[in-house]
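These notes open a run of structures that come right after.
What follows is a pair of complexes built around chain A, which joins chain B in one and chain C in the other.
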Partner chain A sequence: MRREGSPRRGVGVVFFRELFDHLTSVRMLVLELLVVLFGAVVVYFAAEQIRNTTAEDPFLFLRLFAPPGQSLLSFVTVLSILIPLIAIGLGFDAINGEYNRRTLSRILSQPIYRDALLFGKFLAGLATLSICLITLWLMVIGFGLLRLGIPPSTEEMGRMLVFLLVSIAYAGVWLSLAMLFSVLFRSTATAALSALGLWLFLALLWPALAQVVGEAISPSDIRFTMIGIPTPDTVAWQQGLARISPGTLYGEAVVAMLNPEAQSLTNLLAQFQGRVLGAPLPLDQSILSAWPQIVSLIAGMILLFVVGYIAFQRQEVRA
Partner chain B sequence: MRLGIALLSVLLLAVAPAVPAGAQEAPAGMKGLYLLTDYPAVTVRPGSTSTVNLRIQNYALPPERLALSVSGAPQGWTVTLLGGGQPVAAAMAATNNSTSLQLRLDVPADAAMGSQNLTVTAKGASAEVSLPIAVTLAKELPAKLTVEPQLPSLRGTSKSTFEYQMNIKNDSGRNLVASFAAQAPQNFEASFTEQYGSQEISSIPVEAGQSKGIKLKVRPPSTVASNTYPVAVRVTAEDATAEAKVQLEITGQPQLSLSGRDGLVSSRAEAGTEATIPVIVANRGTAPAEEIELAGNAPSGWKVAFEPKTIDRLAPGQTREVQAQITPPQKAIAGDYMASLRASSRGETASSDFRVSVATSTMWGIVGAGIIAFALLIMVGAVARFGRR
Partner chain C sequence: MSDTVIEARDLTKRYGRATAVDGISFDIARGEIFGLLGPNGAGKTTTILMMLGLTEITSGTVRVLGHDPVREPLQVKRMVGYLPDTVGFYDHMTAVDNLRYTAGLIGIPVADRAARITSALDRVGLSDAARKHVGNFSRGMRQRLGLAEILMKDVSVAILDEPTSGLDPQATNELLEMIRWLKREGVAVLLSSHLLERVQSVCDRVALFHSGKIALIGTVPELAKQVLGGGYHVEVEADGTGLAEKLAAVPGVRNVEATAPGHFRLLAEGDVRPQAAAAVVGAGGQLRRLSVENPSLDAIYSRYFESQPRSEGEMHAA
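Our next item is the complex of A and B:
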């Protein structure tokens, strides 16, 4: 049956109801505690490291998020692991949970369209994640102000703001994916496991696998290997394949935003082209250099949601 | 036998000369006291100090005290007898020995020309000797010291060092220590060194009748205008002086400089698009620069061109603005790059490093926004197509 009237009708009701549920749920509390605890420890160590460094740094505040040198225990690394976890935690039972509790048909018997239900749930999840990330972000900045005693510059603020937006987009990708699985699988356990499995695969296995596959598609040239330079074609394939993982895209975008003079692979290439070392890019150029990654994350979030939407619309919901 | 040897040694001792060291054997038949000098008639210049060497010779007379006096000195002259470096009034000469004395004459500058006769008298209890010395005053004396540059005029640029070889000849009868000084124009740096050495010196000993070579080094200031500059060299030794004049002929030289307009040496460029940097070429030298060629070094793949490519002539003090056209390659990664621009004219070069910030075209930003818009469009399409109750 064709829908009559606006698909937005009822979105608000679902949105606020879901937001309320999320924010008061124990699951959310546990996830929040996890993030705050991890973040606090990591940021504390980063701040201590910055305090012990006497060298002048134009982007001192950004070092709180991404300390130079060590990348394993930085706030950004912790976020790139925990954001998917929260997003999957919020989204894995969005639809099939209702279905299993047999509340779906009850909701849909209200003057609320299916569109509105899915939109509302997605937006509520995204809003919850945003609230969570913004709070965390503000806490880190506040902690930095207290601990370092210097205010961030305008450019640093801009970079941190873009970083926040990129983080939200990254969270959105995993939320859409989790909701897609919750539409596809009737069992919440299956949906959660599939989403977590995919996340583990993309986060842990895929970067290593991309190297191997890239090498297989375009083998390294002996002429480049001899002088210790990676073959450009192979690197292009490996990078392209690795970018299938949202984690890689997020990592690259974050490095461009938070580490303006970082030694990423692109920068290594730039050095061969004769670029001056240690000259940070201005903010607009940083955004432009990370723009493909940002666009991929936002577009990926929308497309995954559209797939979930189509699947949900074609589904039989009566139980 | 032992007695014989002893007798022989006593005999030898007796034969050995019992005269003090330095005494000469009196010529046979010579006896008496003499007051001697090598040159009993000398010529001196008024206003100068001269010394006459004297000697009291005693042949076979017992030593005695001899009172010394000088008579005949005109008014205003200062006549002193020196012995062992200090004024003395009496002398003693041992038997068959001599005592040297010096007669120092301080002749006032306004002394009348002509000859004066001085008499030096040494008077003892038993003997008296006197020596007349004729002193002639003359205005011009033959030079005692000469200095001769081998090549008195040298030519070079303001950046070169001028080296003059000079000979100092001592024509006086004494060993002299010649000290020298050079008078050069302001800010010129003049120094003397040994002829074959690098040690700077201010004086050099020259033996009587000999000559010594020295080297005068003159370094002009680098900003000096092209001209001929004189340097006066003055050599002095006791009362003798000598002068020589040398010349520096400095030819002009162009000196190029290259800088951005208003001193700005940074520029922005977009990947694959030509950027124009205004560049000022100036000639700060002293001669015109001709056929100045402009060139640039940039990372590989970059294009650097100039408009105009060459400057025909740039007079000293003149500046000229040219446009450097720099094109980063299409695939240049955003960031700062260094480009070195160069102007050269016959060996004279000037270069300057310019920092070019390459920015990525914002076109890709628009393309990205388009992709997002397209994704949203798909969503709207899906809502329209699959929307149902």
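Our next item is the complex of A and C:
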């Protein structure tokens, strides 16, 4: 059935109000402070480490985000943990909050479609997260300029820019998920706890679980084990399962962007094609190798949003 | 332009196997105050949500100002103001900011917004609280802010769900007065309530709901006549002989009861005080007191459902 009028009517109004709300809310302030605090400490130590080691690294700036070697806490690690937290913090009460405040039916009795409310809120959340991430990103680069005393190369700028975009997509996935939960659960506390629970599960347990389940589905072949290399089938399963977690996808995409020397498994082929192991990949090759992860993140964000949208369309609005 | 603003035909809503609204039909005319009355759970809110396109209609049709809320929800919502039961606002925002947001959603031109918001708040007596946070508002103030939103929207139909529930008597009277004012402005008002007595005075016509069906529909005196056989109780205190017979002979009087010596209670189809007075005087009696009690919807409701088979556990809300 064709609906009369545009489903976008009101999106702008909702967007600006929500954006203003987010940017002026205490909640946002707390989350932002959290990130800045963590980020500052981590980036400071990264910079110290860089200064103490080599100055001949062609990717000095990238090391600020992801220090080489076995650094326990990098800026990227901090982000991959805190982004979901902020995104959930922004989205967990998007719809059920309106419902509980008894504003939902009043708002929906204005000449707009439900689409506009959900989409406006999503865009506002994403814009807030983007503003947050861009600010941080600029801060790190500014700090790098001061501390390292050299400007980033064009390639480094490109890599950092893609990294920023991937981070926003990653934030979008968690925002979609949080908003989906805000549609599904009438209680904001339940929605927040479920989203946080899922995040903890995916971040902490799932990587290990994926190894075990992958092994169970496709056991290691003794012939490979004998010569000390993992069975390709098993690894494929384990990786595939691990990638259900957006954190894994984000991690892989970020490594490809910020660590040009990194050879992911998909790049094994390149070795056979004669590329020297350990030689840095050019930017376009790095993007290409991270492309599946980037697309999966965006697809996941859209999919979760659509599920939330469908659930919201059919929902009773009465208080 | 037609005189009917809302037209419902065989409107039905089922939740799974339970029927919330069961084939109701009614018309509401321009500038009329129409009451949807009945106990909690009778289906009033569900009916309202269907008229606004906020819940799916199982079967039947409804037209609001000629538009179908299912196909043209935006058209309908543009011309109808809705005050939900227990209306909510954004507590951390001021009254003005709340209205400004809605004004944006409605699409009121930016240049007109401030003036329309101010005059609406003025109209409901919230000018002083305009810049205060809604979080501190009392329930009555919230209801009035909801009404201000409707005034600002400049609609031809206002739908108010339980507008007086939870209000003290004074706030109720103020709200009812504002509803009368809406009517004078030519707005058709549909209001629902489970407190029949409270709202009967403002309603031009009422529909009495009972478990999803409209049991009775019409003006209060009409229903009184139909159900109570009159409904006007006239108390007469007079001295004289043969007064009971004389009073019984007055046209419109259904029954005369002598409650005490010189005290008569008449059941009549209308306010028969003048005729009763004439009858007493005509019989040479001395009239000492004369009073009338209008028919009460509560009485009509309970009388009507006494004679009907009771449905399970349905309570007449007090």
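Keep in mind that, in the parts below, the second predicted complex is superposed on the first by the 301 of 319 C-alpha atoms of A that agree within 3 Å, B and C clash if a C-alpha of one lies under 4 Å from a C-alpha of the other, contacts with A are read in each partner's own complex, and residues count from 1 in each chain.
Operating definition for what follows: a contact is a pair of C-beta atoms (placed from the backbone, for glycine too) under 8 Å apart; a residue touches a chain by one contact, two chains touch by 3 or more.
All of these numbers come straight from a predicted model, not from anything done at the bench.
**Student:** Is A:306 contacted by the first partner chain B, the second partner chain C, both or neither?
**Tutor:** first
**Student:** Could you look at A:113 and tell me whether it touches chain B, chain C, both or neither (first, second, both, neither)?
**Tutor:** Both: A:113 reaches chain B and chain C.
**Student:** Which of the two partners, first being chain B and second being chain C, lies in contact with A:258: first, second, both, or neither?
**Tutor:** A:258 contacts neither chain B nor chain C.
**Student:** Who does A:295 touch here: chain B (first), chain C (second), both, or neither?
**Tutor:** Only chain B is touched by A:295; chain C is not.
**Student:** Of the partners chain B and chain C, which touch A:316 in the superposed model: first, second, both, neither?
**Tutor:** second
**Student:** On the superposed three-chain arrangement, identify whether chain B or chain C touches more chain A residues.
**Tutor:** The partner that reaches more residues of chain A in the superposed model: B.
**Student:** If we overlay the two complexes on their shared chain A, which of chain B and chain C does A:35 touch? Say first, second, both or neither.
**Tutor:** Neither partner.
**Student:** Can you pull the chain A residues that chain B and chain C both touch?
**Tutor:** The overlap between the chain B and chain C interfaces on chain A comprises residues 1, 3-4, 108, 113.
**Student:** Would you tell me which residues of chain A are touching chain C in their complex?
**Tutor:** 1, 3-5, 9-10, 13-14, 17, 101-103, 105-113, 316-319
**Student:** Which chain C residues qualify as touching chain A in the complex?
**Tutor:** On the chain C side, the touching residues are 45, 49, 52, 54-55, 71-75, 77-78, 80-91, 101-102, 104-107, 146, 149.
**Student:** Give the list of chain A residues in touch with chain B in this complex.
**Tutor:** 1-4, 7, 108, 113-115, 266-267, 269-270, 273-276, 279, 281-282, 284-285, 287-289, 291-292, 294-295, 298-299, 302-303, 305-306, 309-310, 313-314
**Student:** Quick check on the complex: what are the chain B residues that touch chain A?
**Tutor:** Touching chain A from chain B are residues 298-302, 329, 332-338, 355, 357, 359-360, 362, 364-365, 368-369, 371-372, 374-376, 378-379, 382-383, 386-389.
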